[in-house]
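Structure below; questions to follow.
The first chain written gets the first letter, and so on, giving A, B, C and D; residue counts start at 1 in each chain.
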Amino acid sequence: MLFWYTVAVLLSLAIFSFLWKDNPLYKFAEHLFVGTMVGYTIVMVFSQIIMRKIVDPITLAVHNHQYLNLISLIIATLIGLLYLSRFSQKAQWVSRYPISITVGFWSGYAIVTSFKTNILTQVRGTVVDDMGAPLLNGELLGDFIKSPSWSSLDLAVSGPLLVFGVIVVLIYFFFSIKNENPMVRFANKPALLYLMLGFGASFGYTFMGRISLFIGRMNFIFNEWWPLLKQTIGG
Amino acid sequence: MKKILFLALVVLVSLSFAAAVKAEEERPLYGCELNLYDTPNDDGISVELEFMPLSSPDEVPQYGIDLYVDGVFMNTLTVVNAQALFIYTVPTDKRGAEVRAEVFAYDAEGTRQGPVQVEKAISTAQWYYSDRIGAFIWSMLFIGLIMILIGKAKKGQDIFIRRIAGLEAIDDAVGRATEMGRPVFYIPGTSIIDDIATLASLNILRPVAQQVATYETPFSVPIKDPVVLTVAQDIVKEAYMAAGRADLHDEGMVYLASVGQFDYAAAVNGAMVREKPATVFLLGMFWAESLMLAETANTVGAIQIAGTDATSQLPFFIAACDYTLIGEELYAASAYMSREPLLLGTLKAQDMIKGAVIFAMLLSLVFMLFGIDSVMNFFFQ
Amino acid sequence: MKTPWYEKIASVDKKILYVIMFVVVMIPLLAKWTYNPDVMDEVQDIYDEVEEIYAYNLANPDAPMGILFSFDYGPSTSAELDPMMMSVLRHAFLRKIPVVTWVAFVDSIDLGKRITNFIAKEYGAVYGEDFVFMGYPYPMTAAVVAFGSDVRKFLVKDFYGNVSTDLPLLNKIYNYKSIGLIVTVSGTSMPRFWVTYANTLYGKKIATGTTAVSAADFYPFLQTKQMIGMMGGLRGAAEYEKLVYELETELIGTDTEMYMQSVYKQNTVQKWDTKVFTPGYTEEELREHISTRMTARTGMASQAAAHFFVIFLIILANLGYFFKRRAENKR
Amino acid sequence: MKRTLPLALAFIFGLIGIAVQIVPALKGFLNTMLDWMAIIGSFALALGVSSLTRHHMTKIRRKHKDMFFSYVTFVTMLFMMIIGLIGYFQPESLYQRLFGNMYNYVRVPLDASMFALLAFFITSAAYRAFRARTWLATVLLVAGVVVMMGRVAFGPFMIFNDITAWLMKVPTTAAMRGLTIGIGLGIVATSIKIVLGIERSYLGGGE
């Protein structure tokens, strides 16, 4: 146990040494990391895909006489094997078949999905909130005028500001309209303002999580490994 | 829709039920609410069962639901009367199977009473996802528009594209590397080929590689995914041939650096500090490794041209890189750089669809002001 | 020629920044400084809810309410999320509220078991009577729905292979009627799942703990009261930790070490199943139990130091930039 | 054969990709397709490993000064592979435990440490980028600093916490949403171009 923990700590320190400068310790850790991950991936592809998706189903299909299934699996395997044509100079172009099948399938697959999740759902979220209340809401504005306070102001203007921001950012990224177009000129500055506020805030927001990761690492070294070391050495 | 109605029903029932408790009125003996319906949006191998016990737990502590598929007994579900909704998906394993559910009530002595309610449903397959049909129609509209505009572009109609700073900078950046005699790195994101951002980045790789070949600058393309590797190898090779510098091409330029997220970052960071590139392209899909690559590139004094559609990583590129292609600029790049009429036509179509989306959004907003949501539901179902 | 100070600032070596950053983070961590944040409403709400369950249980000793804890996170986010889970668990055990725990992912089984037992041990809780660990229920949706009628029918055995109907705790708490609160701690979108199922379908109260990065996603649910409270990131954890620390001081005094050892001094050691945890502590274990009582607050001290350091750096960089530009304009 | 057939395949499989998205009755078929994609993709790993091997072999052949480290990569790769494969056929064996330990105490800490380096990178990036050069950079700077303050605020500074919440709720959401919609259009357009065979540079470009 202590051995493995120590390995983990030493490797962590080797990675951190990169911050000072590139050095043999980091190089060692880096190459070890690459080797481990590639080896791990080979094992995973073998056990999760070659065995679970090819060998086992084929055996099962033969056993249960599901020939349709069997043919489908064999075709897929053969297409996959076409990749190996790249090892020969002459037949290299055959590897384009599996590539175009993969690229074609995923492109087609992406069309409706991204229209739905990236566009329609997002636009809907700009028209009404999660609870189905409209973002442009005259009533909330009325509430603010009746009883002005910070919270009622926030409620009244947040929705419209959000809608405005989405629209100017969308307009900012029109490619085929000249910059002199009054609409584009109008949207330009507010769009940049929204983008920069958003990027700055996201940056600051993520900062916390990144520091936490380092603290977590240090906690491992000082609160897990160090006590274990003392315990083992001390008896 | 049915589900929502049913939920509303449950709420109503429980409300009236609460009222009933207060009034100490009689409750239906062995009462219950069973609802059996075909599973929506599936390929017809199951039906949904929803069950709400209505009797008091003292009188009927437990219910049993017998399930039959095509008249053959399958199993019995035991439902403890917690006066809460019980949901279950009945698998039929084939299309067009008739499922029958019979509810029996067990009284306090454990005697089986009933059946108190019997419901039937047939499992059927649907031909379209009711919630995706809107997206499908929009997509078809988009395809149609692209076809039309490509036709126009082919006829030679000029299509204007505004300047994109990040792409204008590519030429200078490669030139700078040549002057300094240091290599150019191109990182096509760390995602797989399924990711359209990776494809967008590979589309930019070609003109960049061609330029690098013309300038005779050392080139290095470390890659994470094996399929992306094969594609990138072809692209770079053909780009060198197109530039007439096949002699400079080396198979080792495009190589697999590693296969995982952070081991890839470790390997590329290592390569950067050792080979000291003058220009680093970071285009494609990135996750947390974005900032590691960008900062290391800065440390070795490289110009970074970044671009990603990952909104969570854009702030880091904006902060750390010299030029950043923001979101859709990455997708526009291939049209922008090649100036090919077909691609420009698509870009124009994209703008038009965007205009339509904005218009539909404004219309929905206006109607929502008056509490009318049918416009929104029509456009953005 | 001497380089002016503002030039130096503009071109300061990154290594210097890194070293100072390292020191700034390490000092609070090693010196065990604690940062006591103001408790925000969304965290206080969770605490109050647990206290309400305690009050309810005092009034109804025969039909107590329990809390369901779902470990919806894996080892990768445990630095931020462990302290939250530990604090709320401590609160529940301190108030003798029945505790049911389970995990949402295969990877988390070990983690869920370890933390449940770790905290249970501090208060001498008895497995099967005061708490149970149900392991990894699969599929999760079915398990959540099963709690609507009788979870013992779905999870016939607990993690250790005991028959559910033999466990006294599960005979009192087997459906949502006797679950007062569901605590989901997660680095993923699992809290949404809980809102959809347990809250919308069964009207159960949901309390969430989440990483700093995901916290923004869940604010809408707080506004709509679909979640009663949320702990976001290390800060949320530190706030709850502080509340529990105060409660603990009030109930058992400042000498927690004494208290923990005293639990196992009586001659009733056989009460505890050694499969779950061994009664009694070694020196090292004791120290670990004490130090986990302040992980979030010391972490938060480092965190705050890092934030202030970076803000200081940014101000410095801008001053340097300002003076440099002024000097250039003069020339 | 070299160009037309790949384009035709992309078109056909593109249509299949669209169909499985909108026809629920094809759910079973979708699973078959996903299995296909996994199977096909798995063979590319052989190319990846060969590329990696070549990369490091070149270093060794050229007697590069870092050739020792290339050996490190080879040895760990083979080691992981062998213990993993033996462990797969002999579950519960020593090999499998060793494989598990290599994963937990070599891969996981390396991963976590690389991730933790970001704490430093984000610091230097902030130091460099957050300068009030233009009004835009100033906006970025102010938003960043306010949020950083808000995340650890206490006592009288709690106002920063409220501003943070508002910044995240309104401008950030608006900006990200606008970007996401535009990106969605870019994705759809690129996908359509590929399915229709307009964009063909993934086949190596050129005519």
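The rule is short, and it goes like this: contacts are C-beta pairs under 8 Å (C-beta built on N, C-alpha and C of every residue); 3 or more make two chains touch, one makes a residue touch a chain.
Everything numeric in this text was worked out from a predicted model, so none of it was measured.
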| item | value |
| --- | --- |
| Chain with minimal offset from the mean of all protein Cα atoms | A |
| Dominant chain pairing [most C-beta pairs in contact] | A-D |
| Inter-chain centre distance, subunit A versus subunit B - centres from mean C-alpha coordinates, in Å | 11 |
| Separation of subunit B from subunit D, taking each centre as the mean of its C-alpha atoms, in whole Å | 14 |
| CA centroid of subunit A to CA centroid of subunit D, Å | 6 |
| Separation of subunit A from subunit C, taking each centre as the mean of its C-alpha atoms, in whole Å | 25 |
| Numbers and ranges of subunit D residues touching at least 2 other chains | 18, 21-22, 37, 41, 44-47, 49, 52, 66, 108, 110, 112, 114-115, 117-120, 122, 124, 126, 128, 130, 140-141, 144-145, 148, 151-152, 168-169, 172, 176, 179-183, 185, 187-188, 190-192, 194, 202-204 |
| Residue numbers of subunit B (touch at least two other chains) | 132, 136, 139, 142, 194, 196, 199, 227, 230-231, 234, 257-260, 262-263, 266, 274, 314, 316, 318-319, 326-328, 332, 347, 350, 354, 357 |
| Residues of subunit C whose C-beta touches two or more other chains | 14, 18, 25, 212, 216, 233, 235, 303, 306-307, 310 |
| Chain-level touch network, classified as line, ring, star, complete or other | complete |
| Complex contact set, residues of subunit B against subunit C | 7, 78-82, 84-88, 299 |
| Partner subunit B, residues of subunit C touching it in the complex | 14, 145, 148-150, 153, 175-177, 200-202 |
| Touching residues on subunit D, where the partner in the complex is subunit A | 2, 5-7, 9-22, 32-33, 35-47, 49-50, 52, 66, 69-70, 72-81, 84-85, 88, 99, 101-110, 112-120, 122, 126, 136-137, 139-148, 150-152, 164, 166-185, 187-188, 190-192, 194-195, 202-204 |
| In the complex, subunit C residues that touch subunit A | 15, 18, 25-26, 29-30, 78-80, 211-213, 216, 220, 224, 233-235, 282, 284, 287-288, 291, 295, 299, 302-303, 306-307, 310 |
| Residues on subunit A engaged by subunit B in the complex (per definition of touch) | 15, 18, 21-22, 26-27, 29-30, 33-34, 36-38, 40-41, 83, 86, 95-96, 99, 102-103, 106-107, 109-116, 119-121, 123-124, 126-128, 132, 134-138, 163, 166-167, 170-171, 173-179, 195, 198-200, 202-203, 206 |
